[in-house]
Amino acid sequence: MSVTTDILTVDRLRAYYQMNYFGIEREVRAVEDVTMRVKANEVYGIAGESSSGKTSLIKVLAAAIRPPLRVLEGSVTYRFNGNPLDITRAAEEEIEAVRWRHLSYIMQGSMSVLNPVRRIGRIFEDFAFRPMGLKRDAFRAAVEAHLARLHLEPGVMNSYPHELSGGMRQRVTIALATVCRPEFIIADEPTTALDVVVQKDVLAMIREVQQALGSSVVFVTHDMAVHASIADRLAIVYAGRIVEEAPTRTIFTAARHPYTRHLVASLPRIGDTSPKPSLEGRPPSLAEPPPGCRFHPRCPIAIERCRKEVPILEEWPGEHRVACFRAHEAIPAGEILHLKRGSLQ
Amino acid sequence: RGQEEAAAPPLNEFPREETLIINNPEPPAINPGMFNMWVAGNGAAWSNGLHQLVLDTLWFIDPDAGLDGALYNQLAKERWQYNEDFTEMTVRLREGILWSDGEEFTADDVVFTVETQMKTPGMVWSAPFSQYVESVKAVDDHTVHFTLKQPNSRFHSIFSVRWNGAWIMPEHIFSKVEDVTAYDFNPPVGLGPYTLHSYDPNGYWYIWQKREDWDKTALAEWGEPGPKYVIYRSIPSTDTRLIEMVNGNLDMIHDLTPEGMFSLVKQSPTSRGWFPGFPFAHPDPTLPMVIFNHQNEKFQDKRVRWALALMLDARAISMASYRGAATLSAIAVPPTGTHPKDYHAPLQDWLVNYELDTGKQKIKPYDPTIGLQIADMVRPQFGDQVPTDEEAIRTAFGYGWWKQDIQAATELLESAGFTKQGNQWMMPNGEPFAFKLTTFSEGVINRMGTMIAQQWSQQGIQVTAEADPEIYRSTLPLGTYEAATAWSVETWGGDPDLSFFLDSWHSQYVAEPGKRQPHRNWQRWKNPNLDKIIEEVRKTEFTDPRNLELGHEFVKLMVDEMPVIPVMSFNVFSAYDTRYWTGFPTAEERPYANIVTNWANSKYILTQLKPTKQ
Amino acid sequence: MTRPPLLDLRDVTKTFSMGGMLSRRHVGAVNGVSFALSAEKPEIFTIIGESGSGKTTLARMILGNEVPTSGEVLFEGENIAERRGAARLAFMARVQPIFQNPFEAFNPLKRVDRYLASTARRFLGARSRAETETPMDEALRKVGLSLKEVSGRFPHELSGGQLQRVAVARALISKPRVIVADEPVSMVDASLRMAIVNLFRRLRDELGVTIIYITHDLATAYYISDRLIIMQKGYVVEMGPARPILDAPRHPYSQLLKRSVLSFDESGAGQIKPSGRDEVDLTAESLIAGRLEPAEDGRFVRLSKPILEPRQTAGAL
Amino acid sequence: MFSVFRDLIRYNMEFAVGVVLVGAIVLFSLLSFISPVDPTAIYTTIPDMPPSAEYWFGTNSRGQDLFWHLTFAFRNTLFFGLSVALLSRVISIAVGLAAGYLGGWTDRVLMFVNDIFVALPTFPILVLFYFVLRSDLDMFKLALIMACFGWPYDARLIRSVALGLKHREFTRHAVFAGMSPVKIMFEEHLPYVMPIVFATAMANMIWSIGLEVTLAVLGFTNINIPTVGTALYWANNHSAMVVGVWWWIVIPVVLIVLTFLGLFLLAVSMNEYIDPRSRLRRMGA
Amino acid sequence: MSTYLVFALKRFLQFLAVVFTGVSASFFIAHLSPISPVETIIGRVSGQSAFSPEAVESLRQTLTELFGLNVPLHEQYFNFLRRFLVGDLGPSLLAFPTPAMKLVGLALPWTVGLLTLSTILTWLVGNILGGLAGYYQNSRLLKAFGIVAIGVQPIPYYIVAFLMVIIFGFLWPVLPVSGGFAMNVRPSWSPEFVGSILLHGILPAASLVIVGLGTWFLGMRALVSNIVTEDYVTYAELAGVRRERIVSSYVIRNAMVPQLTALAMSLGGIFSGTIITEQVFSYPGLGTLLVRAVNAGDSAVVLAVSCVAVIAVATAILLIDLIHPLLDPRIRVE
């Protein structure tokens, strides 16, 4: 049997925020033509700058679609126990049935996802008691065991969220999302704003849990270093589109898309004192995205074609996909990084 | 009361055919368990049945005709007897009267009542007794002798109930009480035919039960009281009173709004007022009027006062205040009780021929047809509810009033040195003629004041009506007003004697400006002729026919001087329901008693009531 | 030297009493911190430390927002805490902050230029429109923006990077000597981060502004700072020239920090290990036990045990 | 400004309906200035006429044309309600923001005063003023007195918001931008509390008008001033409810309800207008 | 000493200060009234009888001395403070020498009973409906209820109360419209008496509930519609937590703190009585007592009612502040 069964298949997904107030209709095209697959037992990273639509995509994947967000096109199909489930079309009960048991979600801003007036233990009961279907004592024991795996003492069960440090809360949220041993975990920036030491611990734990459970994880963050350490494959999102997707190593060493290359090159490292470029210009508005390649206004190597046509995500060898008309050309790093230098330098 | 009884109260305890439910107009008792009403200001309720049904005193004078004349000998066997110079009074008491606890009523009770209050300041009658009484003694068990400090021909009035009077205290109870002023007298022991059955701890209702030995009370002379139980209910909202009567939960209402009364008789065929038809209301022996402050220089000139009177249109005032249901009076005696017979009818001719010199001409200002005109005005709305018989109209709407005569008023004002600039009257000193008319904060007197102010304003005098809830407590006594609508005339109603209010009008009592004026002469009017009348009244025995002559003199003096502008009687929209009881007094056939439920006299009604056996 | 240091912290300590519901704890947020910034040579002075190690508290004391429990903070020889009224205003003109979250630093209901205008009016005494706008525009140009781009716009109409640059421009209007930047890039995504960090470097080099840069990002610290201190539980555990320390940290905590920095070398290998904090004695007792002692290359290290050989960390990061 | 207004009317139903309702009531009360009748005059028309072509709102038992009479009543009541709301808003904003932002002793003293005002029983005080001032008690003075009692609870609310704002970064930023505390409170923080201010202003108006009605019905206001309260007082005084002169009561009550519905809709849409973020949310930028 | 105790002690001292100031203010409010209780009594005893001017004057002097009104105001104030400290508010002037507190004590149970019940009922129903309306924002029924609530809110309470009387006492007379209990039952703990009290309480309570409901409903709805946008609610929904649990423990529980605070305040406020309710339904209680005392210039009773109200509200505020940290685990005592 194949090791690379796809547990999630996203096909030509388009999801917009559609609003109609004051008689004026506005759209924010947050997810545009996204096609991707997540295999069993892998960590799939999604990177991209702020408001590039990462969370929006994740919301669709997690079946957390609330107005004004609407799926206009495409499908999101999970395959739990071999049964396909397209959550963009499935009934609420069907989705309800897989939640937490198979599919769990760590929301962005996990500092605020815990009910401030409820003890952690009660939150666990609310979330996991039914899906786990254990007796109360057994349930408690299971939860405590799981907390221990995340280096949390049983005592946190009696604490209120505010009594825990940021790192502990983060870990509790992760415990909450993984206690039912789901096959699929969606995590949206679970380590942002943690200090490096804690962050490393949390990441290590997510990885550990993932491997212990054999789950798949979709992991979103704009911190490339985090992706470098945890993701097996990485998708780079720019203005609502995936512009490049490849195994993590490839992204860091052999990226083809100018945006990705820029991103990787600008990462400061200890011991490296060479000047780092910064990407100039404003991120595009998703309400009025630029025509053609959405990166072209900031792209140092943009050509006329980029302004008009939308590059499609082309397959490259080695599970690599890139959406750039100039991906085939061998463009030196210097050109990409220094041509359009910011006004500072 | 036994525990068992309290635990299981019989739910049909007050059979409707044995129970009379009366509206107590007072707000709920503030101190519900207090029955010692001899102490001033202890919060004891009076109109809850206590002074109507339980307490008793020597004489009663009804504001209406009475069962056999308005003057009743109640605990006294006969009228008062004064000596020649009114320095002594002897009273002979009824025999065989029992207190509700079985003790016999004797002269000692009367002596005790007077002596206790004399030596205990702060009791209701402490001050009058101390002022008048030198000594009191029981001559025998049923004779009391008073020695007075100075001559006083009206001393007996203290023991004569008009609304209320000096009630006799049970000596056998109070003599055992250490501090009379702190004693709650609960349950009350009385001389009336009822005793306390139960009461609301919140003071909303009191239930009284007929004594087995009711025939051992003074009231027995007038018959057996009909109802076994009498309930006095305090219902502050007049609309709720109406609703409760329509629902059959109330037999007598103390007062409604005029509109409420019209609505009640429309909705409930068994309900009616004093008059069978329009104007329904019972005229109280009080006289709403315009009171001028005679210490205000604006009203010194009687021509001005007369001019103001002639500017008024009594029909509009009657319509505005009572929707036409007013009983007008041009003279300073209320058109109620026996007064029309004693004053209004005899003086009608004098009034018709009364001449007024305006300075330019002589006019006859009196219009005897005003009442008829008002009857005609309300007839379209009330149809045959309005009497057609001229005599009936006179009783109901009044004998007449001053005709509105702007021309004469103008002449009077001009002769007094006033001038008219545009539509504004200017006073002789050149300032605009403007003043405030203080009036009640609600009810018909407020409506009357508003209308009067409006009429004067239309004639070019800037008059604004000011509603004043403190009118009787501070504004009138302190003289902090210019003109007011209220009353300073109150009479016995059933007797032509005017001493009830008149004595206090003597100039000896008029206070300096800024000082507090003793009761009743709110206008602070001084007149030597008036003093002469008063001084003669003081020397005239109450029942002496000379009193009536003096009364006529007073009335004429008041017309000449116009120190106040009498308007009408204070009509109370009392209603009663004949669904369960009949025999209530009526204006047309048996005006034997005042139906206004908070008067102590209303107890005579009970002796006339018969159940309808519904 | 006659000239006092620009900024001189002398044994600064700050203790908070935290009221829990039923108990009261005393938290030593900052414990006996001393360092001085030279008035002659502008530098980027970095403060690194774990969450809750007192970095912000220290910054607030430098800004005069918080009064030290003991010790003193001198700015140009004068105690900051004692400045009131006009003196305080003059101080604020010379020492300006930049905040962590560019979106939070501007009132979302107000236009961004009002902060610039207010600064110009209060610290430069500008009256007329021209007087206010000229320094505003100048400052904005220093950060690569212009008044035209910014004026009349609400925060949500600007990108995070732009906002953070406006914030820097705002701080520059009064021509400060010191800018205190508390985690100015932690909320900003990778592509913007370098823009701001580069800006700091230029401020130091071209405008001679001394920058106190607070972060837990060791990589950017390495990239721009001249000197740094590493804090833990309110104590300085290591202090000195930036790059030598980061290349070879001495204190166990500094070493832990460095070890925790995520590496790009094994990207995609998915071989992330726990930080190993359990192996390091991070209790306050162990910190109090040590004293900040000078070591080679001008650094100071707090160690209770004899100074160890720098532990060899894997490869060049 | 005008274009904003036009857009709001055009695209925001709530705002449009609110403007129409409130506008109609305001217009109605402004008619009092051209009223052909004196509101204090009684028996100028036939009493108790039901609404008709001649008397749109009927006539009351005092012989007044209710339409014109109510124009005065609404003018006075609206003026009164708005004055109380406005004055007490000013106090509650000032106290709430100052206590929240300045903190320390200022906070303690202000909250102490606040507690006292909450604790003092309003009714005897209002009645006392009535007895002392009597016919000098015009609508403005009454508004002034009530405003003194209408602020404490809302001030507490505003304070709690201000407490949170105090620690927000933009407040610290403002301090270092040289803004004075007053400026920070009234320019930076005030917009944040505006939704509360609007919501509580409504509640406050309802409270004050309700209290005015209560006082009037009990006869503790200057009943010569036509207001909704005194209209009900007189209606009660003439047993209008049981007599069947329903229009005397129903019409003012309906008008009052419409006024507040209108105000409510305006408050809802104004809150959205004030907050540029929600405008943003709507426009989706 | 623990922080909480220190805090509680400080809070208690503030409470004492508030009570002292409030009570002192009440004293002057009660005594500045131009209405003279002496004149009230004189009017009552002499108004309807033939009293000579001399007798009236003599009675006036006696009463003025008896009531202690012949000493300067500041002396009266210090006398009052001395007595207040031992819990004595002096004799009522309208029911002399019955202690003012005894009169208050008679009326208090009714007021407190009626108001506590209706306030709590209103609070519960209003909050539950408001909470549901805030959570299920698309429910037609709850939307309609919201519109009704907004419409009913501005109707003067007097009108609502009176309509109840007209409807249930007149047009369709099924419920008693006046009094606290029927006349043929005697106060005891018998089922008849309790039943009668409940029956008589229906209309007054219903009128209060109708008028009060809207405020709670709208307040709660606004609170909840803010809370439902919080991450923790969304997250719980995404985790498939049961709806009832979300509504109760996530949404309403978080809205509870401000609403409980407001409840405590309004419960503190009930000690001033409901004047209109009592007037319209002839219901016993403090409101009527207060109006009568004010009208009669009975400063002692006005003062007693005011003191009870001041202490009640101050206690309510104190209690809120004291239990606030217990209700909201996030609150820190500073």
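Letters A, B, C, D and E mark the chains as written, and numbering starts fresh at 1 in each.
By our rule, a contact is a pair of C-beta atoms (placed from the backbone, for glycine too) under 8 Å apart; a residue touches a chain by one contact, two chains touch by 3 or more.
From a predicted model like this one, the values you see are computed outputs, not experimental measurements.
Undergrad: So if I look at the partners of subunit A and the partners of subunit D, which chains show up in both lists?
TA: C, E
Undergrad: Work out the mean Cα position per chain and let me know which chain is farthest from subunit C.
TA: B
Undergrad: Applying the document's contact definition, name the chain pair with more C-beta pairs in contact, C-D or B-E.
TA: The comparison resolves to B-E.
Undergrad: Compared with subunit A, which chain's mean CA position is the farthest off?
TA: B
Undergrad: Can you compute the centre-to-centre distance for subunit B and subunit D, using the mean CA position of each chain? Integer Å is fine.
TA: The computed centroid separation for subunit B versus subunit D comes out at 45 Å.
Undergrad: Starting from the mean Cα coordinates of subunit D and subunit E, work out the distance between those two points in Å.
TA: So the centroids are 23 Å from each other.
Undergrad: Averaged over CA atoms, how far is the centre of subunit A from the centre of subunit B? Could you give it in whole Å?
TA: 92
Undergrad: Mark out which residues of subunit B touch at least two other chains, giving numbers and ranges.
TA: 239, 243, 469-470
Undergrad: If we count contacts the way the header does, which residues on subunit D are in touch with subunit E in the complex?
TA: It is residues 108, 112, 115-116, 118-125, 127-128, 131-132, 153, 199, 203, 206, 209-210, 213-214, 217-218, 228-229, 232, 236, 241-242, 249, 253, 256-257, 259-261, 264 of subunit D that touch subunit E.
Undergrad: What residues on subunit C touch subunit D, complex-wise?
TA: Where subunit C meets subunit D, its residues are 63, 65, 89, 92, 96-97, 99-101, 104-110, 114-116, 118-119, 121-123, 154, 156-157, 167, 170-171.
Undergrad: Which residues of subunit C touch subunit A in the complex?
TA: Within the complex, subunit C contacts subunit A at residues 50-52, 143-144, 159-160, 162, 186-195, 197-199, 202, 216-220, 222-223, 243, 246-247, 256-258, 260-264, 266-275, 277, 316-317.
Undergrad: Contact residues on subunit A for subunit E in the complex?
TA: Against subunit E, the touching part of subunit A is residues 62-64, 66, 96, 99-100, 104-105, 107, 109, 112-118, 122, 126-127, 130-131, 160, 162-163, 176.
Undergrad: Touching residues of subunit D toward subunit C in the complex: what are they?
TA: Contacts found on subunit D: 168-170, 172-179, 183, 187-188, 191-192, 274-277, 280, 285.
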